[in-house]
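In the two complexes that follow, subunit A is the common piece, with subunit B as its partner first and subunit C second.
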Partner chain A sequence: MAETVNLTINGQAIQAEKGALLIEVARQNGIEIPAFCYYEGLTLQAACRMCLVEVEKTPKLQVGCTLPVADGMVVHTESDTVRSARKGTLEFLLTNHPLDCPVCDKGGECELQDMVFRYGAGESRFTERKVHVDEQQWSPVVYFDAPRCILCYRCVRVCNEGMGVGALGVSNRGVISEIVPNRHDYLECDECGACIDICPVGALTSGSYRYQTRPWEMTHVGTICTHCGDGCRTTLGVRDDKIMRGNNRDHSGINGEFLCVKGRYAFDFVEHPERLQSPMLRVGDTFEPISWAKAFETIAETFTAVKARGGKFGIIGSNHTTNEENFFLQKFARQGLGTKNIDHHRTGDLGTFFDALSGKVDALATAGDLYTTKAVLVVGADLAQQHPFLSYQARANFRHHAAHIYAVTAGPVREDHQAVASVRVAAGGELGGVESLRDKLKAEGDLVIVFGDGIQGEGVRKLVAFGDSLGIPVKYVCLVDYSNSRGAFDMGLIPRDGGMSVQQMLGAKDLDVLWVVGANPLKNATLASPNAFVVVQDLFMTETARTADIVLPAASAYEKNGTVTNVCGEVQKLKQAVKVMGTKTDLEIMGSIAKEMKLNLGIWLPDKVFGEIRKTVQGYDVPLPVVDTGGAAPTMPLNGRVPALPGAIQSAGDTLFTSGSMSRYSKILNAVIESPGGLYRR
Partner chain B sequence: MNFSPQLEEKFAKMLTAYPEGRKRSAVVPMLIYAQDEVGAVTPELIDEVARRCEVPPLQVDEVVGYYSMLHRKPMGKYHVQVCTNISCLLVGGMELYEHACKKLGIGHKEVTADGQISLEEVECMGACSWAPAVEINYDFHHHVTPEKLDQLIDGLRKAQ
Partner chain C sequence: MPKKLYNEPSPLETRILSKRFGLDNSESLATYIANDGFKAFRKAREMKPEAIIEEVKTSALRGRGGAGFPTGLKWSFVPRSSPKPKYIVINADESEPGTCKDRLLMEYDPHQMIEGILIAGLALDAHKGYLYIRGEYRYLIDHMDRAIAEAYGQGYLGKNILGTGFDFDLYTHSGAGAYECGEETALLDSLEGKRGIPRMKPPFPAVAGAWASPTLLNNVETFSAIPAIIRDGGAAFAALGTPKNGGTRLLCVSGHVNKPGVYEVPLGYPMLKFIEEIAGGIPGGRKLKAVIPGGSSCPILKADECDIPMDYDSLAKIGSMLGSGGMVVMDETTDMVKVALRIMRFYAHESCGWCIPCREGTTWLRKILQRFDDGGGRHEDVALLGELSKNMLGRTFCALGDAAAMPTISIVDKFAADFEKRLAQQMVAV
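Here is the complex of A and B:
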């Protein structure tokens, strides 16, 4: 510990690090100093006057949020003087704040309401007319009600510092001060909604949540966002089997309170009207609803027959389904159907990556490492668009620890603003760009290299060799697109031992069965086999589902339990939030087909399958208490020798506002598309 | 946006006057000098200053909203600023301001029909020792009485 000082707060003797802020020291010792403008991790503002405390031998009350602790300091945080000062501050804040708590979204979880309850500034001496400004809509997801604003600047700071966007500012001064959006009367930003979450009052409200419900009417389900691969925990507010909102105010999970537009708003695909709710059987050019029993029977009969005559199966798994489902699917394929033709849309070269890391310990960076490492090198990816949480971590690391950021990209990226050095390279020239940074990187204490799909095959080996040659501890993140892209690879949805890749399956003319679980490989491709029996499990009638003989309505990640592995290889648990009538989880569907075929593939309960995964999948022997309590358990693919695999590897090139085939079913994502972010868009 | 050679020279020097990476420090002086030349802080001017100082336009906009001496609309050739903050208020600042309103027939941040004179009720100008104070363009006038203000305004009219 650094130099310490001894002080007394409310008669309690406390030892603290010299220079620490009084408000933090008090908090760490279980003493709350209330504040609106002070926010951990953001710059100091000292605007609200709520944290006034009494310091002995100092004539006036002091502001706890900017006061460094000193030796011998004697502080009182709950004296009569302090309480009356807080009451006065509240009375002041309430001069223009409307008392519309009964209709305000924030009612029940409002920091101002809590404080007024505690210090009781129930009566006001203010008799003048309150300043009123009409409510404004700044974007499909952000509304602003100026009179409720207490000018704590949290939103301005989180947008500027946390997100690196800077879309909010404060205009005018005095009683007419107001938060303003960057485009005069609307916002052009990430639409992440961080400003809404961080608002201590109901000044900023969410387009999808406003006036819908009260916080205490919902149950709050902590699960993992189903969109990109960063694995952010999103806490879904559920009422009457409907997701009302997503946020992470409890700071649970690896992401703390961070969420992007997808994690906070893009759960609405769940109730899209086109959601499949019954199994469908192809009859000529159309589909007819059939019962689950009939669907399982038909599929089982065909699978059994094709297996018996030694026909050719092709199985394509998903980037979104759980580890349990992926594990069960590959077991079904290899043990149940006796085929090696199993693959999924691979979005990063994990195979070569694991092979290149063989024998190395501690070479996989976790999301947390991006916040603590001394330096971050981003190669061939627009993190802010493709992996917003990883981008946030690196940015926070830069702000809090002055980490050195390096970017080797095809064009300008948000990391440039923090970067020590940015190198612009054409696609394919990334390694040359990395090489040009050698001397600078050598001088770093440790390094995390984050690389996109532009680096694959030999490129990955060269990059790892480059990392080895620097002589400093280097960890890596191989970027993959979706919520369980990493898990799909780890569970074995790969064409090893001579199996066929996605491209080979689609191109083959003699496929007897194509079984697609939660993927859309025919989005921009056609199936060459004319007589293949096609079974598709999906949420929607995608391009692939339209070619199917039988379509089965699957449950989304928000409707099931299980585990997923994020881009950094951290395993986290999903928790079922809602149920959509007519659907089944992919695990149950596969289990039922197996049962119908009289195959013995084990019990298809998520926990049981996860138990099997822990025993058999390399690196997944993760501690259960960590996963069960909502933590993120890193996997360790030691000696993860993976043979070279056939097939293409390509990121889907999503932006902040797209999510593969899923985004078109999210009303919100379609409403907010305005930021181009097309550097690596496809 | 281009300015006169003299102003460009001033700005070039200004941008080197601050430590490395602190170009934003030049926002306020740049706005004030540019306002004198352009006549008002126009949206184009905000974008230009933002570009030169390497900050988002919104941050320049915030500054314009904050400082009362920055005007989004053109003021008169002579900008009469009357202080009504506490020191001036105690010795007749408010009466002085109301007198000016009547005399000129305009209110706060308004311009006379001929565009010659504008009026503004301003906050403390740091001239409390000589209150009540009035500032016309960049010239201070101390211990101003309604009569003295009349003379000043009449003088401005003659000067036109």
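Here is the complex of A and C:
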């Protein structure tokens, strides 16, 4: 137990940890000391002078954000002197701040507005000319309006410290001090938009949201990002059934305030003009729209006939659909159609991973563990590109707890900046690189090992054996690419018990039915079976959909309820934000087909299916209250003994700015990739 | 060749630090050595480090950069036993308006300062020094590079100095034209190659300064006083001044005087006597109106406040400061509105912009004063100037905000009549 001190704030007796910052101690005790530049987790600035407080027996007002509490301290945070100092500082701030609140994006959510409302003067004594600078566009998604900037340096710090990018700085001095981007007049960065989110005023605005709406016209739907596997919560601002904005407004979820470019902006595929909005039937070389009823009838007839004559089904599920949909699909396949031929695009060797860890408890790391563990070892993965949140967690752990980071990768990675040791290896040589760190790792208190798709089969077993041999607590993350890659595996979209893998299905010449739910396996492949009846459920007319006999327009993750499991195995809830006309969720589509086929696969409501998952899927008996309240519940799908599976395992190699087939339909991601500051081009 | 001095010395001066000013080749190492040079260093190397620091404490030398912090005490804060390297940084960012003494100390007698630095090195077990010279003193950087090269050439810098086994390297470093970089922590940031913004204190530079290592920062004049203190004893130096205000200091007098220049007088020298007898009095027999005693950041004194001895404590007692020794004398023809404007133009231009009250406050004040001076003044402006200055005072990140607020408050308080007069003229003009 840390040493404690007793102090008084506004007459309230308070006990606090010695050396804690006054502003934090006050907040923990329900006393708000206002501040612009102070931001939890970022370095201290003491620049805004809003947090000045009165401390008895000290002549001058003291800076609350840098003042460590001491025994016997008597503090007043709302005395007349303090309030009048705040009023004075706000008066200074408003001298050059344009009062364009009526059109400013931040109006209604602006910390400066709130502060002036609480402490500011009713009228201005400033009658001189304001300093004006024209607005600048720094990237497709970042605009900067310098006059609105109050120079709290939050953006500079979140970019440098939080993101590890450091694309923002300050130029000039005095009243013409200005935040500047790293390429003089444009940004070369992750385009994550953290600077916009953290800006207390409307100085940094988002290319996709600016001047579109007032904040209070939106409803805010907290759901899970549908892109990479990290499972960040994104809060979608919705107005008139249209997603206006993505951010993480309430800092809830495992990611707190973190979001990458995809989580923040890449929701725009939802309203892409090429979105499928009606079932389509192949007629010769073209498609014709048909009714849902006709589509279900045709599919059910064919499926029933093929099943009746013992024909061959091939079913390919998705990395993006919900656990409920994936569970229902495998149940449909195994129980409804009597086939074992079910698979999905596997991007990490979860099967061997779970098998290797069987018998252990506490071996699966959560995203939170990456922030608290003493050491992190990254093997064969570029986290900053493919798992930006995990990268952020490790970086935050380094900043806040001086965690030891190790990287064993083929090329330079962002973790190198924090790493105590970076080992460069040729692809396939990762385990040798890991071995070279043995002595250093043995000395760590505990360790999380994060590994990519380069480690498969025996490699996974060797890596786990290596972890076991260190003699310290070790947890693991097996990286998988997409928002529900992990759930797809856990729900059983795998060719166990002799089923066919994706590659085997595509290569077989005698498939009677190929049913693809939310995947694009024919992007770079062809289907060998000439007579297969192909059904595809998707958002867009993908390469795979183009080969289909029937294409069904599916709803995206932002248009449905259900659960997904992130790369660390944490189950979180999706919440429907909008509805796109003409589409149905994959669950409803599958349920309707089942009904049409007169199969009894249970009720296809997400909650009901999730109940069944909790009862039947290994390790998914997660506490409902956690999930229902928007929390992340870790799963423990170990001891399930997954036998070796056929088929290939390979990451799609997405960059920070791509997301499989989906990113092609995000204008914002394409604009970012094409912009001069677009990094990570492929 | 005797170097032409910027001003004739006065017989009333007590020339300790400036005693070599005006000698033939006074900046050369040879002249320095011929005139007591490096005697103090030879003495110091026989002394225990604690004894050196004790001697400096005894001298009652106070920092000549402006704040007047006791030098010996500052030296004692540097943890000599720290395993980190210790650095000595010489603040030659002489930027306070009215102040022009450090340049003379470097120009006329660079080796005196170098000797002072070496003695500090002995006292603190420091082996590297950085001479941070303001960018505007371009010629002085070359000048100091020559002096340093000369010292290296003759074994007064570098490895094994004078066979003592003591190593010391000294480097010049150029500022880029920011007043703020005279603030010691902003100077350190600038020295490290960053934007010159003051740092949060604690930790103080003595504990974590340059490159997060223990660092001693003193002004050029402070280091230049060290050889005399060690050579002749701290007590002798202290005896020159008044209690707690040891020694002499270089005062830079400008404005309405017949003989502006830099003069060395003991601490506690009477201000009026200085103006009248050393600085030659006010031209044309005009009357004294006001004095800025120690650089533009010091609260201004009315004529009737000037009958005081010039030491840190006496000035503090009447609410001003001795500051950096930049005295500006103003006669009865001076328009205090213009003075206030000139001062605020400087601070608005030099505010680093880090914190809100200084960044916005100085500019607002400048705009009001400019409008006032342009003939657009209003009655309420006078009170507003005072109130806004008080809203800055004591609330800014570093002392620059105070430096801007204090003279303004004092001018508005003490010379409100000048403002009223301008308003009256304005009405007539309309």
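The rule we apply is simple: the second predicted complex is superposed on the first by the 672 of 682 C-alpha atoms of A that agree within 3 Å, B and C clash if a C-alpha of one lies under 4 Å from a C-alpha of the other, contacts with A are read in each partner's own complex, and residues count from 1 in each chain.
Note that contacts are C-beta pairs under 8 Å (C-beta built on N, C-alpha and C of every residue); 3 or more make two chains touch, one makes a residue touch a chain.
In this text the structure is predicted, and so the values were computed from the model without any measurement.
**Student:** After the overlay on subunit A, what do you see for subunit B versus subunit C, clash or fit?
**Tutor:** Here the two partners, once superposed via subunit A, clash with each other.
**Student:** With the two complexes superposed on chain A, say which partner A:Ala167 touches: subunit B (first), subunit C (second), both, or neither.
**Tutor:** first
**Student:** Per the contact definition in the header, classify A:Ala293: touching subunit B only (first), subunit C only (second), both, or neither.
**Tutor:** In the superposition, A:Ala293 touches no partner, neither subunit B nor subunit C.
**Student:** On subunit A, which partner's contacts cover more residues, subunit B's or subunit C's?
**Tutor:** In the superposed model, C touches more residues of subunit A.
**Student:** Examine A:Leu93 and indicate which partner it touches, taking first as subunit B and second as subunit C; both and neither are also allowed.
**Tutor:** second
**Student:** Just subunit B (first), just subunit C (second), both, or neither: which does A:Asn182 touch?
**Tutor:** In the superposition, A:Asn182 touches subunit B alone.
**Student:** Classify the contacts of A:Thr66 with the two partner chains as first (subunit B alone), second (subunit C alone), both, or neither.
**Tutor:** second
**Student:** Could you say whether A:Ala528 touches subunit B, subunit C, both of them, or neither, answering first, second, both or neither?
**Tutor:** In the superposed model, A:Ala528 contacts neither subunit B nor subunit C.
**Student:** Subunit C has the stretches 93-101, 201-209, 219-227 or 381-389; which one runs into subunit B?
**Tutor:** None of the options clash except 93-101.
**Student:** Same subunit A residues contacting subunit B and subunit C, which ones?
**Tutor:** Shared contact residues on subunit A (touching subunit B in one complex, subunit C in the other): 169-170, 172-173.
**Student:** Could you list, by residue number, the parts of subunit C that touch subunit A in their complex?
**Tutor:** It is residues 178, 180, 195, 200, 348-357, 359-364, 367-368, 371, 384, 388, 391, 394-397 of subunit C that touch subunit A.
**Student:** Which residues, counting only subunit B, touch subunit A once they are in their complex?
**Tutor:** Those residues of subunit B that touch subunit A are 56-59, 61-62, 65-66.
**Student:** Considering the complex alone, what residue numbers of subunit A touch subunit C?
**Tutor:** 44, 46-50, 52, 60-61, 66, 85, 88-89, 91-93, 95-96, 125-126, 128-129, 131, 150-151, 169-170, 172-177
**Student:** Can you name the residues of subunit A that touch subunit B in the complex?
**Tutor:** Contacts found on subunit A: 166-173, 180, 182.
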